[in-house]
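These are the structures, in structure tokens.
Both of the next two complexes hold chain A, though its partner changes from chain B to chain C.
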Partner chain A sequence: MQIKADNLTYKYMKNTPFEKEALKGFNITIPEGRFTSVIGHTGSGKSTFIQHLNGLLKPSSGTVAVGDWTIRADTKQKHLYELRRHASIVFQFPEHQLFHETVLSDVAYGPVNFGLSKLEAEKRAKEYLELAGIHPDMFDRSPFDLSGGQMRRVAIAGVLALNPKLLILDEPTAGLDPEGQVKMMELFYDWFQEKKERSIILVTHQMEDAARYSDEIVLMDKGTVKDQGRPHQVFSKAGELKAMGLSVPESVKLLSMLREQSGEDMSTAAFTLEETVDQVLEFLRKRGVSDRV
Partner chain B sequence: MTYDIQVKGLSFRYHEQAPYVLKDISLEVKRGEWLAVLGHNGSGKSTLAKFFNALHVPEEGEVMACGHLTNDPSQHPFIRRQVGMVFQNPDNQLVAPTVEDDVAFGLENAGVPYDEMQKRVYESISRLGLSGLEKQEPHRLSGGQKQRVALAGALALRPRVIVLDEATSMLDPMGRQEVIATVQKLREEENLTIVTITHDVREAVSADRIIVLKEGRIEQDGTPQDILTNESALHQAQLKTPFAVQVAQELRKYHVRLPDNVLTEEELVEALCRLKQTTSHINI
Partner chain C sequence: MFDNVIIGQYVPKESVIHKMDPRSKLIIVLLFIIFLFLTRHPFILGMAVILTFTAFSRSKIPFGYFIKGMRFIAIIIFFTFLLHLFMTREGTVLVEWPLLTVYSGGVMEGSLIALRLFLLILMASLLTLTTTPIDLTDGMERLMKPLKKVNVPTHELALMMSIALRFIPTLLGETAKIVKAQMARGANFSEGSLWKRLKALIPVLIPLFVQSFKRAEDLAIAMEARGYNGGEGRTKFRQLKWKPLDTGALSLFIAFAVLTVIFRFLE
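After this line comes the complex of A and B, so read on.
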């Protein structure tokens, strides 16, 4: 589903002394089938923006179009019911939303709600639980007896089982250990690649993930879009990001420091270990430390 | 040598049929030392931390905190004042309507007189760079600020030991940096003993000593230098080698001559820039 925000403005606690404009005439187009990361400092409006994408929030003014749905200030809730089958949000710490008696019934809850029979819903729940790396032994256990990482996988299986076209992820790897983080991102990326029409919007502070998986990065600042482009473009402006209180991927940070300290003109566009090593070797060659033994 | 924490032969499981989460742990933390406990989720590191201030008490083995056995319940109030803890979730440990009230909460419980309390609250707030936020509501602060308020509350009790149990894992990069910088500052300015529990190797870089836990056992015990450059040991413990160490190791394969003690980006850049004067030690 294509996403298009047109002059989108959102005010929290409208018409009260606490009124705060979180999105200020926000414009953006994100084509279908893309992996897009949204980055920005805490309070830049990232979470407010993504909550518009399945109608949890409605614009104070302006519009958001998601696929065939257009959401305005006066859009009725019942008009959005169908949209929510196709656009799903995984909130931060989704394991806090588990509630059912067993792992299986928790995951099947959403599909049943959207009209599947119990049998069909459980079949689909099993499929996505296995995809999320939950062993069938655990299906009949209480979700609250699982480890934190497993609980999160169950919660995410519950969202994937709705078979959305657009998956919106808010800091999905926060609090996981390094291996857990990689596994979680691979799970989403595999899901994303399986079908051409699937899209992901990832809100993250993990710049390495944003750089590695995204087709495009959206940089938000003070309720507006500050920059939108491929990871190489957005992360080439390390100074600007730093001024906004953001970090860059560690590879970019290392190369930027090297460039600054040496005064050598060099590219800082590298997101993997191999690319970084290549850039450093290139740097050494340029400096004449590259005599072959 | 004074030890603030001494653990001998500690094993632990949550109930009788459950598997052991800690297996025969022995370790000592010196007065004034900064110990980082590294391990992946489920390695037992947070469970271990709870023994340091008697939130758990041993059934097998023994734990001494600031010279007292934690098995003795009559010592718990003393131990808990001496060993302060900051936990993972900033939203779960702030209780009062304002920052200053929150910092005062522990002091009030400990029965510290009002005048003394006021003095300590403002001292603690200013030490952690929170001046100006005294009247703020904690829930309006950033994650990094919230964790510093929690730390201020712990420090106001003037403990000998501070344990940070994954205190940065829920923060954004700026917040994490804020908290780490604060810990480094405390480390330099006072004779505090610090234990940081983490799965983020970057936080362990400036510790004096690191232990690596895996499946409830101490797998490694050494300096950051020893541990963080040992890629296979870190990998086995499901931890990530610091990025600068990874790059340095790759560069050495191309015969770039780098010192062994490169742990951070700063150190690597420094070393690379120094290579300028010399020639002929690269083979591509």
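After this line comes the complex of A and C, so read on.
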């Protein structure tokens, strides 16, 4: 689903002494079928922005259009209920939303809400639990008996089972071990690639993830969108990012330093280990040491 | 959704009321509430209204903010008013319907109760709106100190209260977050029968309880790790200071209390 925000403004605790403008009226268009990462410092408005994308928050002024839905300040909840069938959010620490007696019924909760019969919902729940790497032995256990990592995967299966077109992820890998982080991101990426119309919006502090998986990166700062572009464009402005309290991926850091200290004109856009090695090799070849490598 | 809850909320401002000692504020609120319910005299009630509103305006807290937070309480006040309106059978008959008769005494009684409740809540909210939870519990602990002689665990009580107050905003934030997460999974809290709506709350309440127990455990461990072992021999970093302002304000309310008693005997 295409996303189009027009002068999007949001104020927390409107009309109270604690009023705070979290989104300061920006415009943005995110096309359908893309993997988009939203990066920005804590408090830049990332989480507030993404909650508008399935109508959990409504703009204080301005509009957000998601697919065929347009959300304004006075849009009714009933209208937004339909939207949530197609645009789902995985919140930070999604394991905090588990509540059912068994793993299976917790995952089936969402599909049942959106009108599937219990049998169909459980069938779909099983499918996504297995996709998320939960062994069938655990289906009838209480979600509260699982380990933290398993709980996270059950909660994510609960959102994937809604079969959304737009999946919004708010720091889904926070607090996982390195291997768990990679597995989790691969799970989302495989899901994304399965169908052409699927889109992902990922909010993350992991610049490596943003660079590696995204078609496009949206850079937010102080409640507005500062930059939008392909990863190599956004991450070529290391100075600007640093000024906003952000960093570039490690691989970009390495190549930038190499470029700076050697004076060689070379690309710094490499986001995987292979790409980085290729860039270094090319550098060595240019320097005439190719026979030794 | 929970933007307008003001229970336990502290609003930082630079005002006379904010600067008062929590002990004087506590005593004043207690005095005021007791004596407010002892009187029906219009002069005293008028005085109570003036005292309350003066105090509120001096606190620099926007009145609109308070009114918004009163929405739930307004319903309670309204129902109390209705109950008294229909249950009191005194004075002249004003309206006569087949099942309902409204007496003039009912109107009087209902308005009186509504006014009292409103003033009571205004004063009590003013206390929490202008006093940080820490100050509030420090004040209470100090005021309860005499009870320690009869083995009342005053320090522990004060600590429990401060923890409870401290976690109100946290719990509200947590609730809002879980509500959103379940809404994203198709939960619907605003449609259907009452039973359906109550049932829709289960997916919110269970995670909330689970989280609360976890948090309580973490807190206990964190306290023990830092060597907490009760109030024995514990000194205070923040010292409470009784200022002339407090003496003045308290005198004013003692005068109010005395007048209330005098007018009661005059009736």
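We take it that the second predicted complex is superposed on the first by the 274 of 293 C-alpha atoms of A that agree within 3 Å, B and C clash if a C-alpha of one lies under 4 Å from a C-alpha of the other, contacts with A are read in each partner's own complex, and residues count from 1 in each chain.
Note that a contact is a pair of C-beta atoms (placed from the backbone, for glycine too) under 8 Å apart; a residue touches a chain by one contact, two chains touch by 3 or more.
Quantities reported herein were computed from a predicted structural model and do not represent experimental measurements.
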Looking at the overlay, what does A:H79 touch: chain B (first), chain C (second), both, or neither? neither
Once chain A of both complexes is superposed, is A:H96 in touch with chain B (first), chain C (second), both, or neither? second
Of the partners chain B and chain C, which touch A:F144 in the superposed model: first, second, both, neither? second
Greater chain A contact set [chain C / chain B]: B
So, A:F114: does it touch chain B (first), chain C (second), both, or neither? second
Under the contact rule defined above, give the chain A residues that sit at the interface with chain B and also at the interface with chain C. none
Chain C contact footprint on chain A (complex, rising order): 12-18, 51, 54, 56, 77-78, 81, 84-85, 88-89, 91, 94, 96-100, 109-110, 113-114, 144, 158-159, 162
Residues of chain A touching chain B in their complex? 41-42, 147-149, 174-180, 205, 207, 245-247, 250-251, 253-254, 257-258, 261-262, 273, 276-277, 280-281, 283-285, 287-293
Quick check on the complex: what are the chain C residues that touch chain A? 3-4, 11, 13, 61-62, 64-65, 68, 174, 177-178, 180-188, 190-191, 202-204, 206-207, 210-211
In the complex, chain B residues that touch chain A: 40-42, 88, 142-143, 166, 169-170, 172-175, 199-200, 238-240, 243-244, 246-247, 250-251, 254-256, 265-266, 268-270, 272-273, 275-276, 278-284
